[in-house]
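See the structures that follow.
Next come two complexes, and both contain chain A; in the first it sits with chain B, in the second with chain C.
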Partner chain A sequence: MRNLRADGGPGGLSRSTVARSVAIPVVLIAALLVLGEKLSVNNMLTLEEVLGLAVFAAATNLLLGYGGLVSFGQAAFYGSGAYLIGLSWLHHWMPFWAAFVLTPVAGGVIALLMGLIALRTRRLYFALLTLAFSELFYQLVNVRYSFTKGATGIFSVSMVPASLSMPRTGYYFTVGITCASLLVLWKITVSPFGLMLRATRENRERVEALGVSVYRHQLLAFVISGAFCSLAGALFVVYGQSTYPDLLNWTTSGEPLFMAVIGGMFSFLGPAFGALLYQVGNQYISQHTHDWQLVLGAVLLVVVLFRPDGLAGVLSVRTWRRMWARRGGRRVTPVDGGPPADPAPATAFEATEGAQQ
Partner chain B sequence: MHAFVVDLVSTLSTAGYLFIVSAGLTLVFGAMRVINLAHGSFYMYGAFLVSTIVGASSGARFWLAIPAAAVAVGALGALVEVTVMRRLYRSEHLTQLLATFALLLIFADVGLRIWGTRARTVGNPTPFGGRITLAGATFPSYDIAIIAVAAVVGLALWVMLTRTVFGWKVRAVVSDPEALATTGTNTNLLLTSVFVLGAALAAVAGGVIAPQTSVAPGIDQAIIVTAFIVAVIGGLGSVAGAVLGSVLIAAAETLGARYAPNWASTLIYAVLIVVLAVRPWGLLGAAER
Partner chain C sequence: MTTGVLELRDVTRRFGAFTAVDGVNLTVAANSIHSVIGPNGAGKSTLFRLITGVHRPTHGAVHFDGRDITGLRPHRVARHGLSQSFQITSLFPRMSVLENVQAAIVSRSRRSADVLTWFHWSTRGEALELLERVGLAASADLPSEVLSHGDQRALEMAVALATRPRMLLLDEPTAGMSPYETARMVQLVSRLRAEEGLTVLFSEHDMDVVFGISDRVTVLAQGRVIADGPAETVRDDAEVMAVYLGSDE
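This part shows the complex of A and B:
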């Protein structure tokens, strides 16, 4: 266990981390509450969308950064969360609040069924199989027009209660759900289960040799991730008051991966900040040009090729120490000729994938 | 009887273009173990280039436009291989998927800049303008042309991979690039050529299907998923698997459209899920550790 913490992986348990684990949430929550009073309605709505996406990205990163699992099917959970609320409204199944509470349950059940099959495969095949599952949902929703309104989607202000469709209450509600979700996810990542999940990423064979079922750990992670992605989809409805098939398309599955990688998948809050950068960048660039995808693609390419640890890696204390050491200062961490932009977790992650040859 | 012939021809012509596009994908994967999402962009560029060259009235120029598009997209492939793909060969699948996804996004926007958002149609090329009747069944004669092109491509690939030195080297470079390099082979050049070939095949597929579909932005993202399914069902890296996968998926699409039109579009995903649940490495693929 010591090694797991010492290698700079996400969320260790040292004393400074405990201090940070109290200070950071308190500061962030306070900042979000203050922003609710200060921001203009437009900016507040942007932030509200970012918060939902932050849950989406952080839940996806439980698989990506912690479990080493690249799922291209996250849209299936996100979209089914949104559609559960949309369809309950359309067919008068149940009131909004009942549907909202049920979204994580539905996401978890879908993830369980998907994971039972998909986790039998590994790496690339896992990515493609999860993609196939989410495309299956996408096509189903597109085709069953009488049931889902097909490609048109479901749009209505009355889909969410009147209290929530007011910008400020909607914002505070989203802040509450987001903070609670992130705290629970963070607790999971530092729990014994979270540490074991990280161990399965680092060395699958050794974990199996310990008599631990990798499959069960990955399945549980998949279910948790599915539940929170579905909740994020429900938050999208609170913000957007609509649901449409593109929420289930495979390109939607790419978005939380982009956010996680750009923000930093080896840090717990990295994906959340990735969501902020992604959405603000999207809005700003789309206002001025038609080249949002071009910019996103270029940024993503640079990050993936040169900074696989993302923004959080660039900003981390370790990186600055190392740069300082290279300038001629005292050597704090060994700089043993390794590639400069390659932190320990990234190499360890690659080590488990080395068998690809 | 004639319903059967119509279904058969329709299945084979769909299988034909699916085979060409997924053969390129599987060839690249077989040689360098990289899955290339930007393959969809090459396909789209091929279709757009052909539509630009021939315009709406296709004529005989079509048969010159296809090789021209293949060469142009092949050159783009060479550029992509040298600048990006070469860095990905030894990296993990996440890096490969996201880097090629990034390329897909970049090419999509560049494509919008060049060709705009308007959907284009391409007429059937000269000798295949009409319909023909065979065994009491009538179908577009262009279907036969697609089947013929796919057969030629498949045969050429088979000869190339099994009967030429180049093909032996392509198979050798997967198992042991260092050993191959010590025999005096320029492995970098070899991998670039394979990638160029894959890109050109995507362009050929895009060009060949252009008369049967509307050429518009978004076909890159649509085809890549289908091409993956075909390649994965057959077994990634296996060209014979791509033949099998394309016929299976084409049959599922054709028969689904006839007997269960509401479910046709979901059927191919169900096929993939069932195949991978039973054989996680595809029908003709070799299990990876």
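This part shows the complex of A and C:
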């Protein structure tokens, strides 16, 4: 059997791994730029939505997949990003660009406040506290009609600069912000902080014994996630040219969690692929049946039960290697293939909760 | 009275009416291998937790390296250079063997909140070297959960060493190990003492291990020190024999 790790050596980033981490972003960015020339305006809008949601899902997955934290308060960040732009326009606080730049700051601050309290609790209580926080925002926006236009929401083409409301420039802008966000988030996952975050997911007592505060590291993850979720909300305004209370509702918090689970929460791009599946599925299935939610539920059930590593797990190089080896009648033993460093846990429950005793 | 790296003076810990550790005096000399033995329930694990800061002594003092560390929180004690391995294996199961060590290096160098550098490049060399030393370099890329029990304990040693300790506290390091794994652990501990100048304090049930590598042995029974001295002397001590024969060890 050919030596699958000939180029890396133990503990090394094999050349193929390095090549992949350069090739994947380059190919994806090139594809997105080419698509900008080829796609119809309608499809381009769909793709913009996918990109915005990809940032939302990837930022949420920093908590879910890397930190083992199930937050149901992600809508608070997403919606506040959208509302910061909407309200700035409505009340003439500041120009679009200033508001846009401020959205990650606002998201980070809200996440800091929420995290300071919610992260003192664990698991179910953490999920419920984050849910309660985001419902608070939802209700506030819903009730203060004079300030936020309540359930009507804020709709206007002039909310974003004319240059951005043209389909193609809007598209390229979204591509740029999305790619930059994903690159920054990816960089964070391969930093010492990213490693420690995974360690807190695996065994928080051991992390404490190493002299590192779990609380502070989870809080930092929360702030980063909040900042990028808020930026994703700002992107929503760019292509949606509207903002309304549902962006703050708990169902919106569920979406990035679905995307991450479907796409695969143990790979960085998994949640982004999940966003693609989710949005495209939503659009095309909704055209043929009213039961989009039913289909979504079924898919989620299958993934959770059989492939907790999601689509990314199914498509991973390792899976193909394993199949290739099986067809050849040989098992991939740990020595030549090496199971993944984040092998798929038996169930999604075990994936996020099991390790956090 | 000789001064040691670690000194316990009249350390006592009560849990309600129960006295788990009762007026223990203990001096661990620098660069020595010192073992604490005693029947189950003698207070060995409690004594270790009093040293690492998991429990606070009811009274008495713990000095490490000339400094009073009595009642410090565990992560503060760890920062003083006293590293422990747990009685129950405690690793990051779904991270690779290498990453387990890398996480410890990142914590030691206080870069755990660093988002700007690449952990892989900055810690790989040192982590591999540590794995080499405990004989796990070939398994670097495996998830730590697939290692055998003995290998997991060896990995814990590498993790402990990554914090660059002056002293290792090992609570029953060979518990549940096969004879081969035990022999390997014994070899590793004595090599670390010789090569790194480490001081090692450990608790152990296996008498072959205890008298095979210890310079000094302290015997605990019902929370009290009943014997303390060079390994050969303690081995022949009548009271020690009585304790062990009585408790069927």
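Following the convention adopted for this analysis, the second predicted complex is superposed on the first by the 310 of 357 C-alpha atoms of A that agree within 3 Å, B and C clash if a C-alpha of one lies under 4 Å from a C-alpha of the other, contacts with A are read in each partner's own complex, and residues count from 1 in each chain.
As a convention for this text, a residue touches a chain if its C-beta (ideal position, glycine included) is under 8 Å from a C-beta of that chain, and two chains touch if they have at least 3 such contacts.
In this text the structure is predicted, and so the values were computed from the model without any measurement.
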(Q) After the superposition on A, what does A:H91 contact: first (chain B), second (chain C), both or neither? (A) neither
### Query
Given the touch rule stated above, what does A:V304 touch, chain B (first), chain C (second), both, or neither?
first
Worksheet item: Is A:V212 touching the first partner chain B, the second partner chain C, both, or neither of them?
Response: second
Q) Just chain B (first), just chain C (second), both, or neither: which does A:L257 touch? A) first
| message | According to the stated criteria, A:K187 is in contact with first (chain B), second (chain C), both, or neither; which is it? | response | second
Inquiry  = I'd like to know which partner A:I117 touches here: chain B for first, chain C for second, both or neither.
reply    = first
Overlap of the chain B and chain C interfaces on chain A comprises residues 355
Given the complex, residues on chain A that touch chain C span 5, 10-13, 187-188, 190-196, 198-199, 202-203, 205-213, 216-217, 220, 224, 334, 338-343, 345, 355
The chain B residues in contact with chain A across the complex are 33, 35, 84, 87, 91-95, 97-99, 101-106, 108-110, 112-113, 221, 225, 228-229, 232, 236, 262-263, 265-266, 269-270, 272-273, 276-277, 280-281, 288-289
Residue set of chain C touching chain A in the complex reads 74-76, 78-79, 84, 86, 90-96, 98-99, 102-104, 106-108, 111-120, 122-124, 127-128, 131, 137-143, 145-146, 163
In the complex, the residues of chain A that touch chain B are 64, 70, 72, 117, 120-125, 127-129, 131-133, 135-136, 139-140, 142-144, 250-251, 254, 257-258, 261, 290-294, 296-298, 300-301, 304-305, 308, 349-350, 353, 355-357
